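Alright, structures below, take your time with them.
Presented sequentially are two complexes of subunit A, the first with subunit B as partner and the second with subunit C.
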Partner chain A sequence: MPIPDATQTWSGRINPVTLGATPAEGGTRGRTVTLGGEAGIAFLSSDGETPHPPAIALDVLDTTPVGWPEPLREVYGDVWSEPAGWARRAADLGADLINLRLLGTHPDEGDRPPEAAVETVQAVLEAVDLPLVVWGCDVPAKDQAVMPKVAEATRGENCLLGAVTETDYRTLAAAAQAYGHKLIALAPCDINKSKQVNILVSDTGYPLTNLVIYPTTAALGYGMEYVYSILERGRLAALAGDRVMAQPVILDVGYEAWRTKEARTGDEAAEVWGPIGRRGPAWEAVTAAVLLQGSADLLVLRHPEAMQAVRQTIGELTAT
Partner chain B sequence: MIVFSERINGMYRDVRSAIVERNPEVIQDLAEQQLAGGADVMDLNVGPAKGDAVEHFVWLARTVHEVTDKPLSLDSAKADLLVQVVPRVRDALPDTKLVINSCTAAPSYMEKLLPVATSCGAAIIGLTMDQEGVPGNVEKRIECGATFIMTALEHGIPIDAIYIDPIVLPVNAAFKQQQFVIEAIRQLSIVNDPPPKFIVGLSNVSQKCRMNRLLNRTFLVMCLAAGLDAAIVDAADDELIAAMISAEVLLGKELYSDDYIKAWRMQRGLPAQVEPAQV
Partner chain C sequence: MEKTSLNIGHRIRFLPDEREAAIEEGKTLLEAAQAAGVYVGAICGGEGTCGKCRLIVRDGEVSGESTEFLTRAEIRRGYVLACQVVPHSDLVVEVPPESRLSSFIGVGKDSDRFRAFERREAERLPGGLDPVTQKTFLELDAPTLDNPTADQERLLEAVAKRQPGPLQMGLKVARELPRLLRRLTVNRSSWHWEWEGQVTATVGMRREVGEVLCLERGDTSQRSFGLALDVGTTTVVAHVVDLLTGATREAAAKYNSQIGFGEDVIGRINYARRPGGAKALHNAVIGDVETLLEDLVRRAQIGRGDIQCVVAAGNTAMLHFLLGLETDLVRIAPFVPTVACPPPVRAAEAGIRIHPRGLLYGLPMVGSYVGGDTTAGILASGMHQRDEIALFLDIGTNGEVVLGNKEFLVACSASAGPAFEGASVACGMRATTGAIDRVRIFRPGPVVSVTTIDEALPVGFCGTGLIETLAEMFLAGIIDRNGRLDPEAAGSRFRLREEDVQPEFVVVSAEEAQHWRDLVITQYDIDNLIRTKGAIFAAADSLVQSLGLSFADIGRVYIAGAFGNRLDVAGCIAIGLLPELPLEQFQFIGNSALTGAKQAILNRRMFDDAHRIRERITYQELMADPQYMERFTSACFLPHTDLAYFPSTAERLQRESGPAVLAYAREGRRNAS
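Here is the complex of A and B:
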């Protein structure tokens, strides 16, 4: 029986979004990273090209993490009290980008003022020459005080700033527009809201082509299927020509994977599960590898072994 | 859905006198209104304007092309006229996509117009009728449609350049015909894989009816549910376009968002507009 030709032609294409800026482009980064640009379903080269394979950012916090499991302490424990040193470690481990979270600005987690956040971001920029993703603390009132300052201080660096939502988007969109940064558009697990956030942000005059979608993330065993179906639905709409949904996607895999009991439980309580040093990174890598199939352009990870495994998977899937 | 704008038609008095007087402003204003409403293809019909119909068509096509690069649909029931018009417009506007509107499934029509479609690289609309006239049932529509699709394919016209029009008749004069149109779309979808595109001349359904706009948009939604791809409509009728977009969202062809009508317009690069009266 002949194999039927299942090749599909798509009218849409994912927007390419470049992060970082070299000195020639007005920034200080050693190189830039471009996300998106796909002309077909993830890793189906017969459908259309994937000009920019998915990129990986490693997590850096502006405050010493609380409760991170042993495998992560082994990698970062000696540097994690100081963000610049932590970022340097992440760069040495081979990250494409640094994912900096300003958690210490949270009113309940230190309430660091905007000036302190700016100092942290500047220290990280000086320590490494990778493009930066910068998130606030997820308290809108505080983020609206902190993030415009961060945007101003990093003018020209073409960072990816997070995140705008259906209810809070004007301040951050204005700051990103004024200082030339890209934006993360967040809509938790809701494809229709995701489209709506993009429309609202676009209404402020911020270009749709500078957005990256964050549909939130779930780990293996914790509702990942739901996120997967949302990823897939959004990508199919974009490829079918829905320009409002044609943004690359960022997924926060590390945070989700390392919250699971499978990745966190110590060996004494989970002997049959195998050693945590393998279990945690494996949980992170498998979550990432599966979500990649649903279409993800930027993965935020934590453990270097997970990063290595995911890179190898991407390499095998994009090999020609 | 592919929106063919119907307004530039010599049946309207303002268009007819603009054609005869060679007044581009009237035509271009109408074209701009249709484009602002979301028209994808500009249907042009010189109607009963006095004078040389071929020259009228060429002037109309050039005049509309001055304000848009969108495809032009050259609309006449006279095959002999289209045979002259299409090559002339092709020469005048070599890079513009053209649609021939329309050709019946009668051999005498297809012999004339299908070679013109091939040689001019134009799409063509086939009516599900032949020399015996408009069918009063589904079966004859299917037969004519299938004949047209097969003959057009034999002439080397690609399937995505073939439109089938199952012929809409006024509801006040022919009350069962609307169901036949819907059934014909359903059945003709399986004649060829992939299927041709289906198109209707929508406002025929409500000719001389008092609530014509309500009938138009209701019938459009019914046809879309059956698999309609295109319609010749008044693109400046906001409520009609809103109903069409809503149907496409409900059919899963467009992704829902609270501002889905605005999203549809954004995707066409159209400026946002005030939403139609609380829908």
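Here is the complex of A and C:
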């Protein structure tokens, strides 16, 4: 029996979004990373090209992490008290981008002032030449004080700033617009909400083509299927021509994977699960590999082994 | 009547109407208000959860629970929630404007507003007049030895000549028969029957069978009236119809007294479960009908006995209350009404005092949440007879939506909530004197101009005022598409309330209104209104999509409900309450339930049509539709998440509000997601 031709032609295409800026482009980055641009379903080359394979960012915090499991301590423990050094380590490990979280600005986690946050961001920019993703602390009032300062201080670097939500978007959108940054639009696992956030942001005059969607993330065994189906539906809508959904997608895989008990439980309590040093990275890699099928353009990861495994998967899936 | 009781009673005087009631110690102020016939809004039926039964204690002592619904300033001013306080002395209580309901409302206005439509409908009556009860003047030949037919047979034969079909007659009527047909002369020890044979028979239809309801000596056929009734959750409307001409003789309306037991259907059904509750609710609505009837017969200068029939429209719960039926099962799954097609009963049995043998017809109900008001509305719209596909929207607490034409009819009910009726909104009120009904907002400023009903000083917002405020705030950029207030755009009218950090927009300040409080729309109100409009649009969307249609296939949209034709259709489209169709396709049909009841009373075929409509309607339970929630979320945005539904509105927004990027409204395919 002949195999039927299941090739589909799509009218839509995912917006290409470039992060970072080289000195020629007004920044100081060694190179830029472009997300998106797909003209078909993920890894189906017959449908349409995937000009930019999914990119990987490694996590860097502005404070010493609390409660990170042993496998991560082994990799970053010697540098994680100092963000610039940590970022350098991430770059050495082969990350495409640095994902910097300004958790220390959280009112309950040190309440660092905007100036301190700006210093951290600048230190990281100086330490590495990779493009930057910068997140606030998820307290809207504080983020509205911190993020515009960060946006101003990183003017020209074409960072990806996170995150605007349906209730808090004006300040950050204005700052990103003024200083030429890209934005992460957050809507937890809901296509309608996601569209609404995108429309709200674009109503302020910020271009839809500069947005990256963050539909939140869930790890293997913790609701990953929901995220998968949201990813897939969003992508199908975009390819069918819905320009409000035509944004590349960022997923926070590392954070979610390393919250699971499978990744955290020590060997003494979970003997049959195998050694923790392999469990955590495996959980992270499997979560990422599955979600990639639903279409994701930027994965935030933590463990270098997970990164290697995901890279290999991407390479195999995009090999011609 | 003095009652001897160990309880010490208190006299409660209600201002400004100077009504009084005596109540026993331990009864709440709300019960006192109910006893005095003072209606204060109590959406929750006295549970203390709605905060609408606000009264001011001017003099006397009360005790009660504290409540989060009153601000400190209000408590200092003597505000209490009537359902939460118990009088401990005689009291003088003021009913503040926002809680006040004048008991008779402007029917005149209402009937004026829709007269044109009604006249048109009356002309359209297929087959002309053929009322459900009819009077026939008969002249019967005297019986002879050659023709000794029984009186009853003689009469029924004569009736049958005028009105073919099976007939029946009750024993009571038969007993009177010989004396009505003859004059009996009694002389000392002899008596004499003298044949007259001139009687007027009233025949009422009981399904296919005509019942000779009553006989009157001589010719009374000119005095033949019917009562068309719309028992609404909020308003009871009654029209006296002349069955000979089809003309409406008089109209009256009043608020449903059941409001005191709960402002929505569910609250009342809950109240009915209390001891004596069901009886109280039945009596309240029958009392309203009686009050209206008294007023109508006086003004029309007719006798109650001249009214031979009542046709009642109303939602399922209301018709159940009217007939004194069990309502509890309407409320709980699987939502089974006791009766769907009420058989004609004696109106007297239900407590309505028209002709003692007159009939009460309840219009057929589709289910627990699509009632006799909807079948009547469809009947009135005539959508069930046309080729053109129409959408019927009854925008009330329960938004009923019907889609169809002469081939098919589908209906659903969206629990939209009472926001569009002015309830559950900070400064909401019913459409009475002083209600803000039109709003215009101009930038910069923003400058706000409003009009009110009867041009009185503004007291609060009625449904149209709320919808217009939402639309104007949106078009002026004061709220974003998510309904979020923008402090900068709202300017000096933006306010954060002191108690909670709830942003609000001052539409009319206290000084402007000469009122003790600012008339505001809070962020919570906006969210509430958006959910309400979202529920209605999503319901319509679900029906349209379930049949594989799009809104473009709809030729006409009928809007029924209390809004009247003052509702600004363009504004409703801008916020996504109504689908984006050419304005001339929208038709306000006002109180279509009453219009339908009137048509049913005037023409038996139309009465039967109502039953056929009921049989034809397919009811769609939205809660069973997995996509409804999705559509609802999509619709909870201004005007809608999918701008392909509102291409012209998108253009308008782009034109009027500057940089908005709206080019993404795709043509053609919708809901690709």
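Operating definition for what follows: the second predicted complex is superposed on the first by the 320 of 320 C-alpha atoms of A that agree within 3 Å, B and C clash if a C-alpha of one lies under 4 Å from a C-alpha of the other, contacts with A are read in each partner's own complex, and residues count from 1 in each chain.
We take it that contacts are C-beta pairs under 8 Å (C-beta built on N, C-alpha and C of every residue); 3 or more make two chains touch, one makes a residue touch a chain.
On a predicted model such as this, the values are computed, not experimentally measured, just so you know.
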Would you mind checking whether subunit B and subunit C clash or fit side by side on subunit A after the superposition? clash
Kindly classify A:Gly241 by the partners it touches after superposition: subunit B alone (first), subunit C alone (second), both, or neither? both
Per the contact definition in the header, classify A:Gly315: touching subunit B only (first), subunit C only (second), both, or neither. neither
Does subunit C touch more residues of subunit A than subunit B does, or is it the other way round? C
So, does A:Ile191 touch the first partner subunit B, the second partner subunit C, both, or neither? both
Should A:Ile199 be classified as contacting the first partner (subunit B), the second (subunit C), both, or neither? both
Touching A:Pro207 in the superposition: subunit B (first), subunit C (second), both, neither? second
Name the contact category of A:Thr167: first (subunit B only), second (subunit C only), both, or neither. second
Clash list for subunit C against subunit B, restricted to 204-212, 600-608 or 636-644, contains only 636-644
Under the contact rule defined above, give the subunit A residues that sit at the interface with subunit B and also at the interface with subunit C. 191-193, 195-196, 199-200, 202-203, 208, 233-234, 237, 241-245
Okay, in this complex, where on subunit A does subunit B touch? 191-196, 199-200, 202-203, 208, 233-234, 237, 241-245
Interfacial residue positions of subunit B with respect to subunit A in the complex: 254-260, 262-263, 266-267, 272
What part of subunit C is in contact with subunit A in the complex they form? 480-482, 484, 486, 630, 633-634, 637, 641-643, 657-661, 663-664, 666, 669, 672-673
Which positions of subunit A touch subunit C when the two form their complex? 166-167, 170, 190-193, 195-196, 199-200, 202-205, 207-208, 233-234, 236-237, 240-245
